[in-house]
Amino acid sequence: MKDMENKDNNFEPRIVAFVCNWCTYAGADLAGTSRIKYAPNVRIVRFPCTGRIDFMLLLKAFGSGADGIIVSGCHPNDCHYTSGNFHARRRWIVFRNLLDFLGIDVNRITFSWVSAAEGAKWADIVNETVDKIRKLGPYTEYRRAKDYTEEAKQYE
Amino acid sequence: MSNLEETARSLFKEEKVNLIIGFEEGSRHPRPFFCTSTDDIPKLILDKRCHNNTAVYLTKKDLLGTGLVGIVATLRVLKSALQLSLENQINEGQFIFIAGEDASDVQVLKDKASIQSYVDAHPEIPDSKVEERLHHIESMSREDRWAFWKNELSKCIRCYACRAACPLCYCERCVAEVNCPQWIDPWAAPLSNMEWQVNRAMHMAGRCTGCGACYEACPLDLPINLLTKELSSEISEDFGKGISGNVLSSFNPADKENFFK
Amino acid sequence: MSRIGVFICHCGENIGATVDCSRVAEEARKIEGVEFATDYKYMCSEPGQNLIKNAIREHRLDGVVVGSCSPRMHELTFRRACSEAGLNPYMCEIANLREHCSWVHEKNEATTRKAIELVTGLVEKVKRNSPLTPIKVPVIKKALVIGGGIAGIQAALDIANCGQKVILVEKSPSIGGHMSQLSETFPTLDCSQCILTPRMVEVAQNPNITLYTYAELEKLEGSIGNFKAVIRLKAKSVNYDKCTGCGLCTTKCPSKKIPSEFNEKLGNRTAIYIPFPQAVPNKPVIDREHCLYYQKGVCKNCSRVCPTGAIEYDKPDEFITEDVGAIVVTTGFDVLKTDFFPEYGYGKYKDVINGLQFERLASASGPTLGEIRRPSDGKVPENIVFIACCGSRDPAKGIPYCSKICCMYTAKHAMLYKHKVPGGTASVFYMDIRAAGKNYEEFVRRAIEEDHVNYIRGRVARIYEKNGKLIVKGTDTLLSARPVEIEADMVVLATAGVAGKGAEELAQKMHISYDPYHFFSEAHPKLRPVETNTAGIFLAGACQAPKDIPETVATASGAAAKVVALLSQKELVREPVIAVVNRCAPPIFSTCVGCFLCQSACPYQAIEKEEIKDRRTGKVIKTVAKINPGLCQGCGTCVSFCRSKSIDLQGYTNEEMYSEVMALLNH
Amino acid sequence: MTQIKETVDIPSFLQKKTGVDVYQCYQCGKCTAGCVLAEDMDYPPSYILRFLQTGLETDYKKVLSSNTIWMCLNCENCIGRCPKEVDIPVLMDFLRQESREKKLVSPKARQIIAFHQSFLDSVKHTGRLYEAGLVADYKLRTKRHLWQDMKLVPKMLKRGKLSFLPEVVKDRKKISDIFNHTIDKKLK
Amino acid sequence: MEIGFYPGCSLKGTSREYNESVLALAKAFGIEIKEIEDWNCCGATAAHSMDRKLSLALPARVLALAEKQGFHEIVVPCASCYNRLAVTQYKLSEDAGLKKDITDSIKMPCSGKVKILNVIQFLDSYIKDKIQKRTVHPFKYDVACYYGCLLVRPHQILQFDRTEDPQSMDELMRMVGANAIEWGYKTECCGAGLSVSRTDLVAKLSGNIVKDAEDRGAKAIIVACPMCHSNLDMRRPQIDEYLREKTTIPVLYITQAIGLAIGLSPEELGLKRHFVETSSIY
């Protein structure tokens, strides 16, 4: 998938989805059992709860080639662990502020609540995100900052 | 109301402290000073120029020894101390605080409550320069902000002076040293530097007392204090004033956001 | 160097038709550390599972990735297969190639690539997985039930009848709770005590039940399977081993004018008293606030007349400790008193009473022996008014929620009144009639259609007294909000049901969560209605929210079933997916610095403090976090919060997740 | 027959103007039950609230042209007892203004308004209320049962309850300024 | 220290006796009260029925004047004025924008610091403690204390006594030897501002009040509001017409009742000015 980096003309976004096991993962399963088709660009990583998702994983994903990220879990009050998603929500509110302040493109991260019953919603979330990222293009800006030599490249 | 010198003496005599952390004249600025005997007391100074946040020493057990310790405490020191006690790093009866902004007028504080009321009684005047810079950066376009920070942080040499100067960076193993997984690349590069600062800011979220020690310590004068400052203001905006301490490990079902789909 | 096996399932056409399974296997084979990779039509079938087992044995695999349907489908199947082949089940991961891939994408290169990447990600994870063994917690085979109302009685009996030991703690001198105060019960109108008292006696006689009345929970420690409960036995001042319950003392007690709690202050009792005739245990206690001896040091009549010398004036409260494996909380509810209502006279009108008081008036064992007589002058009211929603659904002065039972008991009250005072008129002011429940609607209609109770839709603005009548100013919102004024002889307020006194304090003692109204919260409002967030502590009855008797009994039996299920195991086996705080060599011992901010992040109060002591001197070196495996449910919130990365979640460790993500992207 | 909602969202309009959320009302009728004038109103308070909840222009007109809003004594009994704390008095104040601006004042309420106007005129000119003047002025405005209150006048004079000359504020300019700045501004 | 005095229009006209009795009491107890100079009408019901801003501006000017003239406390015997002033002060303190708007229109600053006392609060804080000592002719009658609306509502703003079944007047009356009876109309409206324009309604509302008081054997109705007074007293002919019976129960201001108790003469308390004969109680 690396090869897609530069030739933006037929750019295929790389999306990683961090989802909780009880709501969104099950929602995605439902999308499957109801055969709802959506873009194949997304890779789902399963966590027990959105509360478990470390903010560093998002940065690392961007750094290693993700053009977009989806973070999704149970709707407020539906958390399997009662409050994991509330903690997560706080974390994302703060984190998003910080990223935005640093000029990191927060539009590349889709946050959503998708319940086990919302297979269709999951499909929409994925498709919307893929379209959005397709417009934004690959997130090379971020990856270029990886080291100074990459830095130099842009001035060549 | 009493002056620093006699307070210090009485601490050695009455309270049997065997160390007072304070300030002495330095070559350019006043510098932290460990006063271990009454003979050194005359060296102790306290005035507007003493702005090192000496609270950083409160968690350095090897420096403090076992006995009771006194510390000349400016507002920033007291604020840090409060947060430290909230985080179970210091206990009442371990320290005696000589609170004040000038040697001529200090008062002795021993327990959390009195420190709290002292802090409440001395609201901090927001630093207009910092506010300005914040607004300046906020007003930039996203791209410019990125360019700005990438440029600033590409200078970082990862000396971790910011970490060393911060009273609230007391972890025995910092996340920067964690290597499985290697969350943050150990070498200096714009991105890894940024990752380090993101971690610092996130770990400070709701805890930072805004003393600015990190910025003052930075050999390259990177405006990293703005990151924590920005978060603090956003936090009080989003979760209500007065909320502090453990913002990220608490929540309110009514927390508002506008970006969840 | 790890030896991973990869098994790609076609699931017949389900995956195979869309994803090029053999290529996925082929690509997987190229991944470093993959020892064996193959694809097969049905992995979950007998031969499929054998294929995996044999491969594990032949190739000495130390990790397995199965690319198949959702792990929510067959994770268990494949993990079992692995362990049968001698591989730790937690070394097996499932790549979801069906629900998340073949079923949602078209047949093309991209889809197959996705499948390959999903597999790669999990291969990298499995490489870093570590074998886990399910957690075993021993279980003390004894349950504690707090609260001796109908909920507590039902729960205790159900548990005891399954052969488990039960300790039933009740704070008042007798079990029975509010139900013992009721006259008849809706919707059948059968006498409350007739159905309750046999149960109360059963409790007293059941060998598996130890009953502590006049007792309260003082302190609770430990966790599921191993609680340590300290119980305060309030001094009864009567030795129950000697006392025969003859009741002579109560007849001789000089202070007779003490308002009786059981009769809701409509009747009196003595200072040494048995709350009501059918009380269990049917033995007296001395109410020290009102006893002459304790107040003035004189009298001692009771000990003088007691034939068995059972009176013990100077016995203090006692404390006993009980080890139990599970707890059921059934502390019930309270009702607001009439003095809560300004516009209805701040409780200054004797003849404005609340629902529970009316129950006592209507009860054959009540102060009026079941005749409806008004408190002020004992006259039979000819015109009675019932007001629903007193305090309920009233955010301004009361509570916003609906108390649920008032509609029904008000209908019952009106009906009972009409039966006892055929000539009288009964009016009910209501906002909505909420009669959802078996035979409930029919019951209310009966009140209206057969007993001609006059239902008026509208709230009452105020009540004031004029020449012996209570003027009730209401409105009929169904007649273009026409004002209605009724001259009543007696008014009954259907006052709101609220959490019992001290509910908050009790919740804090037990670390269970409660809502803004101090009702205890269930672990999940729909799927775990009788459990709390604290494993091993269960709820039943009106301590969760106002409930009627059928619902209360149902939850009680539900909770009992949960408890029995728990106690029936020798030891608890729990998924090892729990958080752990790292431990390492001296002088650090653990990278945890003990800031304990994580404690508030844990939904289960599972994070405790542990003191690391010097082996020889025994002095504390440092205090660090420790996660109670009995309480942790494995959400991992603490893990991503911990700044020094000192906590990790087994099965989802930082390293595992990190590697999976990296692999997905860098493939 | 009520038609579908018009575009103007009356409830949110009211909320914007008065801060009162009419949807809070769940029609328990307690306000009406306690209202001393409920019988004499075209529509009792709880009814008015219902009209406002429908969000229909037609119902809104009904409210503005009812005598209820003018009958309301602002005795605050309703809000004092409302379980949902719907501030009807504040609503009434606003509806009165609306009804005048939209020229929908109920004929039955003319005399009440006439009185209020006489009252305010008196205040406007003298800064204080000149009761004798007020009553006379009002009677002339309404030409109704002139004699009913005129009968009072001599008695009042006898008891020194009426003065022939009005009490006057020195700084009368200030007062008329206030009027120009507020009520008259709108009416101009 | 001097207390500001805001009589309001009625006390200068129809309810002169209220004015007289308040001043008489103050004099008797040696309390200095000084009329606010150049005060204007509070706008009463008329203003806030017709225009919100006007209804705030008029009282605001009074408050501003009081401040300007250096009063920290003002006593406002008229319940209606009291209500308007208190509400205005509250609304302005709630909403800075509104405050600016209003102060602009009155061209005066208004910090809202002045403490506003209604007559009961005034009596409570300056006279209550001395009352029993000074009582020479105990007011030995059953009385019905009538609070009306404006004294106790809206509670969240006035924070005075309790909305349902208030007690403050009853308590004062008991102190001068009266028996304050339980009755049903303590806080029911008398018709207030409709006195002239809808006398028919006033007759009815006030009628119910008078009747209940009389039925319960009260010898006097005690009030603290000129509007209530004029409706219950001046409108008695219409009331009797409505009730179809002759009612004789007199209506006294609480200041008059207390005045009598401490031995002031009916004349100086203005009792002669009433329409309903008051001689039955002295």
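For reference, chains read A, B, C, D and E in written order, and residue numbers begin at 1 within each chain.
Note that in this section contacts are C-beta pairs under 8 Å (C-beta built on N, C-alpha and C of every residue); 3 or more make two chains touch, one makes a residue touch a chain.
Worth saying up front: this structure is predicted, and the values here are computed from it rather than measured.
Considering the contact criterion stated above, the chains in touch with chain A and with chain B alike are C.
When each chain is reduced to the mean of its CA atoms, the one lying nearest the mean of all protein CA atoms is C. When C-beta pairs in contact are tallied for each pair of chains, D-E comes out on top.
Taking each chain's centre as the average of its CA atoms, chain A and chain D sit 59 Å apart. Averaged C-alpha coordinates give centres for chain C and chain D that are 54 Å from one another.
Inter-chain spacing, taken between the CA centroids of chain A and chain C, is 38 Å. For chain D, residues touching at least two other chains, in rising order: 77.
The residues of chain A that reach two or more other chains are 55, 60, 83, 87, 91, listed in rising order. Multi-chain contact residues of chain C, defined as those touching 2 or more other chains: 343, 462, 601, 641, 654, 658. Contact between chains, per the stated criterion, is found for A-B, A-C, B-C, C-D, C-E, D-E. Taken together, the chain B residues at the contact with chain A in this complex read 137-138, 140, 142-150, 154, 183-184, 189-191, 194-195, 198-199, 201-202, 205-206, 227, 230-231, 234-235, 238-239, 247-253, 255, 257, 259-261. Only residues 588, 591, 593-601, 623, 641, 643-646, 654-655, 658-659 of chain C touch chain B when the two sit together in their complex. By the touch criterion stated above, chain B contacts chain C in their complex at residues 87-89, 170-175, 178, 180-181, 183, 203, 245-246, 248-250. Taken together, the chain E residues at the contact with chain C in this complex read 162-165, 182-184, 212, 215-216.
Chain E contributes residues 9-10, 12-16, 38-41, 43-55, 57-58, 61, 104-107, 149-150, 153-155, 163-164, 187-189, 191-194, 196-199, 201, 205, 234, 272-275 to its touches with chain D in the complex.
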